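Letters A, B, C and D name the chains as they come in the text, with residue numbers starting at 1 for each one.
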Amino acid sequence: MEEKKKKRSSAKTLQTAREAGYFGKKMLANTRMAVDEGRPVAWAMVEWWLGATIAKAMGVELVFPENYGAFCAASRTAEPNLDYSESDGFPSTLCGYARNCLGYARKLKENNFVIPAESTGGGMPKPDFLLACGAACDARYKWFQALGRYMDVPVWLLEFPQTGSKEYFLPGNKEENISYMVEELRAFVSFLEDLLGRKMNWDGLEERLDILFKTHELAYKVDLMRRTVPSPAVCTDFWALMIPHLYLPDDLEALAFYQRVYDEVKYKVDNKIGAIPNEKYRMMFSELPPWHTLGFFDEVAERHGVAFVFESWNYHVPPPLLEDEKKGITDPLELIARYSYHKFHHAAPAAKEYEIDPILFTAPYLEYVRDYQVDGLMFHPLMSCRPATYTLMHVRNLMLERFKVPSLVIEGDIVDLRVFNEEEALAKFDAFIETMDYHRELRKKEGLHW
Amino acid sequence: MFFAGLDVGSTMTKIVIRKDSGDYLSIIKPTGAEHRRFVDKVMTEALYKAKLSFEQIDYIVATGYGRVNVPFADTQLSEITCHMKGVNWLYPSVRTIIDIGGQDSKGIKVKNGKTNSFVMNDKCAAGTGRFLEVMAELLGMKLEEIGEMALRSGNPVAISKMCTVFARQEVLLRLSDGAALEDILAGLHQALAARIFSMVSKIGIEREVVLTGGGAKNAGLVKFLEERLGFSVQKPDEPLLTGALGASLAAQEIAQKAVADGAMPKQKNHTLTPASFFEEMPSVN
Amino acid sequence: MIYYAGLDVGSLLAKAVIMDDDGILAYSVRSIDGNFRQAARQVMVEALDKCGLLSETLNVVGATGLGAAFVNDPAVRNTEISCQARGIHYLLPQVRTLIEIGDQSARVIKLTEKGMVADCVVNDKCAMGSGSVLQTIAKVLGINVTDMGELSLQSANPVRFSAGCSVFAETEAISRIAENARIEDIVAGLHQAMAFKIGSIAQKIKIESDVAVTGGGACNPGLVKMLEKTIGNKLFLPREPMFSGAIGAVLMALEKVRMEKLCCSN
Amino acid sequence: MQKSSGLERASYIYTNRLQVARELKMQGEKFGGYLCCYVPVEMLSAAGYVPFRIIGDMNEPITNADAYLPSVMCPFYRSCLDLGLKGKYDFLDGLVSPHACDAAERVGLVWRSYFKYPFTFYLDIPHTVHASALVFFKQQLAHLRKGLEEYTGLKITDNDLKKQIKLFNRQRELVRQLYHLRKVEPPPVSGTEVLQLAVSLMGLPVQEGNLLAEEVIKEVKTRKMKPSKMKGRVLVWGCLIDNTAITSLIEDCGLEVVMDDTAIGSRTFGHDVELTEDPLDGLALRYLEKIVCPRTFRETGKNRANDLENRFSYLRKIVKDWHIDGIYMNLIRNCDIHGYEVPEVRYFFEEIGMPVLVIEQDYSTAALAPLRTRFQAFAESIEANR
C-alpha cells in the first residue's frame, strides 16, 4: 500500500505527452518574469478562452490557480495549503483547487507577497487582478471573491450564460446570449484599459485568435484520431497534453508543439500502434482525475488491458465553429463569444434529440460513448468539487439505459489524496471487468454497433 | 459558602466541591451505565470526603454529556462553557483549548475569559478519545500504557483507514504482517492527532494552547499533537477535571450574583438519595 | 473423482466449502481469533474431515476475503465482489441484486443472469451498516449474537438510534439500558439503524428483483426483516447464507483454471 | 380550520402544505412549482398558477435521490428531488428552475429529465448586476412570459403583471411588518412562528396568503408579552431554514430568533417590485439586483474595505435595528455559495463585536440532537458577553 502510494505519476505513452509538462512550468515562469520586468500579471480561472486571450493581447501574463492546484496535487504538496485554508475558516468541503489556492494566498500574504521559497513549481506571484468567470461552477467566482481576504486586488467576473436544452432552441435566445457575452467582453476590455492605462491592441488580439484556432484545430484532430481502435493515446497522455491547448493556445510554441503531437498520434494510428500493448476494453473517464494517483491508470492498463480512450469533457476543445456561424463576423470579441458559447453548447442538438438536460457535463457523453466505442465509464465523484460531480449519477443512468454502457464509481478527490483508496478501487475494477463483458453482449443483442 | 460542579462525561464522572475562598476538592469515578443513580452515589462520596452535608452546598451546576441526568443540580451548563471557565481559571493566558473526551473532541477559542468560538466533533468516533479506547481494548492493553508505548516507535506504520471500525481491522492485518506494536500504536496516535488538529484549526489556533480531557493524559497523543502544532502545549495536572472545576466556578458566580441581587441562590430544592454503601467505596485518593 | 475447495477468509470468520462436480460435500466455519493463517488452515482441515478427504485430493483451491493472502498456496485468489456474485448465482440463480452483510462490509451487488457483476456499491468509508456492531452490542447487552435476530422480532417499539456511527451506537445502547429500555427494543432499534444505512447504500444502484441477502448478517432474521421493510422488497435467503463467498471462490477458481487449460491445449 | 386564529392556521398550513395544495387543486387551482427565491412568482401567478415553492423535508431520510444525485452535494436540493421522486410533488403542473446556485441549476435540469411536466422553464440568471446583465435578464423573463402564454394559450398583459406585482408587494410588505414588530424586546412573535407563516405563504394563492398574513399581524399586535427569560437575540444568516425543528431548537436553548438573512425569509420578502412602465423592468431589477444573496457578484470597488462594505453593510444595519446579540451562521453542508463567504462574513460580524456560531448542518432532523450542546454553549457565551 505504502509503496503504491509512492508511485505517483503515470508513465504516459506519448513522447510529446512526456514533454508537455514544460508548458505548465513555462506559464508559471512567465508570470514571475513579468513581475520582475514590471509587466501586469493576473490569476485566471479556466473560462474556456473567453477572456484569457483578450488579457494576453493587452500584455497581461496569466497563471491558472486550478492548474496550480493540480500541479501541487500531483507533486503531493497540496496538503499543507489545504490545512492552511481550512484553519482560516473555509469549509473542508470546498473545491480542492480553491483550498489549495486560498492556503497558498494566505502564505503569500504572510510572507509580504514574496513567494515562499519552498513553493511548488516556483510559485505564483501576486497578481494585479483576478479574472473570475460565471461558467460551469460557483467556485469560479466565489473563490476569487474570497481571495479578497488576502489580497487587495480587483476581481473581474466574466459572465457566461448557460442554457437548458429546450431553451437553447427558443427563437432569439442564442443570439441574445451571444450579444450579452459580447457586451460583457466589451466591458472587460474597458476594465483592462482603465486598470492598465493603455489601449487594447486589436491587431494583436486577432493574431492571437488565429493561433488559438490553429492550435485547437490540431487538438480536435487528435481527439478524432483517438476514435481509432486500438487507441493511440490514453487519458494520462491527454491530461498532460491539455496544458498547451487549455492555457496557452495562442502561443506559437504551443502551436508548434501541437503539430508534433498530431504527427506522433497520426503515426501511431497509421501503423496501428495502440497506446497500451493489449487493448481489451475501451473506457472513458469522467470528469476530473485524481492528480495525486495517476499511476492507477497504468495499473489497470497492465492488469486488464483497459485503455482510457476519452475523458474529461470540459478540458477538450470543441468541434470547430461552422463556417456559417463565422461568416461576416468582424468583431474579434464576437468571434470569441461565439466560440466559447459553442464549447458549452455544442451538444445541444444531441441533448434535444434525447430530451435530456443539462447540456454541459451530460449531453456530450451521448456522442462520445458511440464515437469512441466505449465499453464502460469510470466516474470519479469528488469529495470537494460538486459541479463536476452533480451529474455523474445522472449520466450513469442515461448511459446504461440508452446505450447499455455500464459505469464504475470510485470516490476520490482531485487534490485530497486522503480520500482515495487505491486498494479498494483496484478491487472494484476487478469486478467491473465482468460487468463490461456482460454489457458488450447486451449491446450486441440490442444491435448497438460496438 | 460551598459550591459544587459535576461533569458527567461518557466515561468518567468528575465532581469538584469548592469554598468561596478558592480551595477545592475533587473526585473522579467511572460513569457506568446507570448514571442517574450513580451520580447520587458519587456525590455522596464527594460530600463524605469534604465532610459536608448536601444541605451545606449552596449551588450546584452540572455539565457534560450526562448533565440532564443530575436531578439535584440547580443549573445545567454546556461543557464548552465549563471547560472554558475551568481552564481559564487555571491558565489565565489560555487562548485555545483542545479537549479530547471519549464522546467528543472540541476546540474552544478563549478571549477575555469568555468563549469566543468553538468547534466540536461528536458524529464520528474516529476523531475522539474513543478511537484509542477501542484500539487499546483490541490490543489488550491499558489506556494508560498505549501512549508511552507509541512514543517508543521509530517507524510509525501509516494507518490508511479513517473509520474506527475499519482501522481496527487494519491493525489486525498489520499485526499479522508482523508490524511492531509500538509502530502501529504510533500510527494510530498520529492519525488521531491529525484529525483533531484539522478540526481545531477551523477556529484558528493561538497560543497558549491547553490540552484537557482524557486525551491529555496520553503522552503519545500529546507529543504527536505538539508535532502538528509546531509548539508545546500546557496541560493541567488533572486534565479530566477542568469541566467540573468550571462548573463549580459557574456555580459560585451564579450564587454570588444572586446573593448580591438579594435573592436566594438556590432555585430548586432537590434532595440527594443518600447512598448507604460507604463501606463499598474505594479509598479516597 | 475431482474435488474442489473454497475458502472465504473474512475479518471475523473463516469459511470453507468442499465441492465436487455434483455439488457441495461439506461446510465449515470458524472464528479468525486474530490469526488469519491458522484459521484458514484449520477451517479447511475441518471441512475436509467432515467429508473424509485429505488435502492432497483437492484439485483446485479458490480463496477470497480480506485474509485471502494468508491461504496457503496453491490457491486461486479472487475478489469478494465477484465471488459473492458467483456464489449466490449458484445457490439462487434468479437473484439479480445481492446484499452482502459481513463483519466489516455492507455491499450491494447487481448481477447479470449469468451471475456476473453488473454493478456494485460498497461501504468503504464508514463501517455503519456492517455486522461488527452487532458483536459489540451483544456483548454490552450480555446476549449472544446468534440470539439477536429472534429477540428483535419480539419488539413492537424499536428504540431510535441517533448516532450514525457504529462505535457510538454502543454508547447509545448503554444509555438506553440505563433508561430501562427493553433489550428487544434496543436490538430492534440497532437493526433498524443498520437497515437504514444499508438501504441508503442500496439506493445508489436501482434495486432489481429478486433480491437476496448473504454474509453473516443474513443469519440474523431480525436484521433481514428490518431490511425488507426499509427497501420494500422481499429478500431471499440461500440455505447457507454465510458460504456464498466460499462457493463463489471455488467457481471463480474453476473458471480461471479451465480458461488456462483451454489456452494451453490450443 | 376556518375559525381558528391566523397563527394557528399558518402553523396548520406549514405542517400540511402538500395536503393543502392537493385540496386546492381539487377545487380547480393549478400549481406552478419553482425553486429558490429568484423566480418571479408574479409571472406564474399572472399565468394562472399558484406559485408553489419546492422545499425539502428534514424529517424524511433521503433515499430515492441517491440514484440520481451524488451524496457530496447540497442536501437541501437532494431532499427536494427525493420528495419529487417519491411523488410528493405530483400535483404540480409545471416547473420553473432558476440558475441561482449550481445546485439549483443542476437539480432543476436533472428533475425535468425524469419528470415530463407539461410546462418547464430554465431561467438563467446572470451573476453580476452590470447594465448588460439587466438587459439580458429581462430578455430571459420575456422568454418565460412567452413560454407561459404559449402553454396556457392566454395572453399575459402588462396590466395582469402589474396587478400581480401589487398583490405580491402587499404580501412582502406584510411580512416585513411582522419583521419590524420583532425589533422590540421581548419580540411578540417567535422565529418559529414567522417561519411557519413564510412557508405557508409560498404555497397559497396570493390573495389568500395576504389575508392570512393580515390576520397574523393583527393577532401579534394584540399579544401581551411577559418579559423574556431568553439569553439573547440572534440573527440567522445562511441559505435557508425551512423547518421549525431548527428554530425551535435554537429557541429552546434560550435564544430568540428575531431576524434572518436567508432565502426563506428576508431575501424573499425583503424588497418590493417597482411599478415601472414596462413591468419586466421592475421585475428584472428586483430579482436580479435588489435581492441580496452571495450568489450575486458585486463589484469589488476600490479596495477590500470597499468590497466588504458593498457586500455586507446591510448586515450592520440589521444588527443595529433589531438589537442583535449574536449571529448564527447556518451553513448547509456542501454549499459553495455560502461556504466561500463564511470567513469574510464572520470577520465582518466579529469586527462589529458580534459573537458568531457557525454550524455546518446536514439537513436532517435526526442529526440535530447533537447540536443542542453547541446552541447552549453559544447562548451561554452570548449571555456572558451581553
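We adopt the following convention: a contact is a pair of C-beta atoms (placed from the backbone, for glycine too) under 8 Å apart; a residue touches a chain by one contact, two chains touch by 3 or more.
Note that this is a predicted model, so its numbers are computed, not measured.
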Self-check item: Farthest-lying chain, centroid of Cα atoms versus that of subunit B
Solution: A
Quiz prompt | Most heavily contacting chain pair (counted by C-beta pairs in contact) | solution = A-D
Self-check item: For subunit B paired with subunit D, centre-to-centre distance based on mean C-alpha positions, whole Å
Solution: 41
Self-check item: Distance between chain centroids, defined by C-alpha means - subunit A, subunit B (Å)
Solution: 49
Quiz item: Where the CA atoms of subunit A average out and where those of subunit D average out, how many Å apart are those spots?
Solution: 35
Quiz prompt | Contacts with two or more other chains, residues of subunit C listed in rising order | solution = 125, 164, 204
Self-check item: subunit B residues counted as touching two or more neighbouring chains
Solution: 123, 162
Self-check item: Residue list for subunit A, restricted to those that touch at least two other chains
Solution: 88-89, 393, 421
Practice problem: Quick one: label the inter-chain contact graph as line, ring, star, complete or other. | Solution: complete
Practice problem: Within their complex, state which residues of subunit A touch subunit C. | Solution: 393, 406, 409, 411, 419, 421, 424, 427-428, 430-432, 434-435, 437-439
Quiz prompt | In the complex with subunit B, residue positions of subunit D that touch it | solution = 355-358, 367, 370, 373-374, 376-377, 380-381, 384-385
Exercise. In the complex, go through subunit D and note every residue touching subunit A.
Key: 66-70, 72-74, 99, 101-103, 105-106, 109-110, 112-113, 116, 120-122, 124, 126-128, 130, 132-133, 135-136, 139, 143, 147, 294-295, 297, 300, 303-304, 307-308, 331, 333-334, 336-337, 339-344, 346-347, 358, 360
Exercise. Give every residue of subunit B touching subunit A within the complex, in rising order.
Key: 158, 160, 162, 197-198, 201-205
Quiz prompt | Residues of subunit B that touch subunit D when the two form their complex | solution = 77-81, 114-118, 120, 122-123
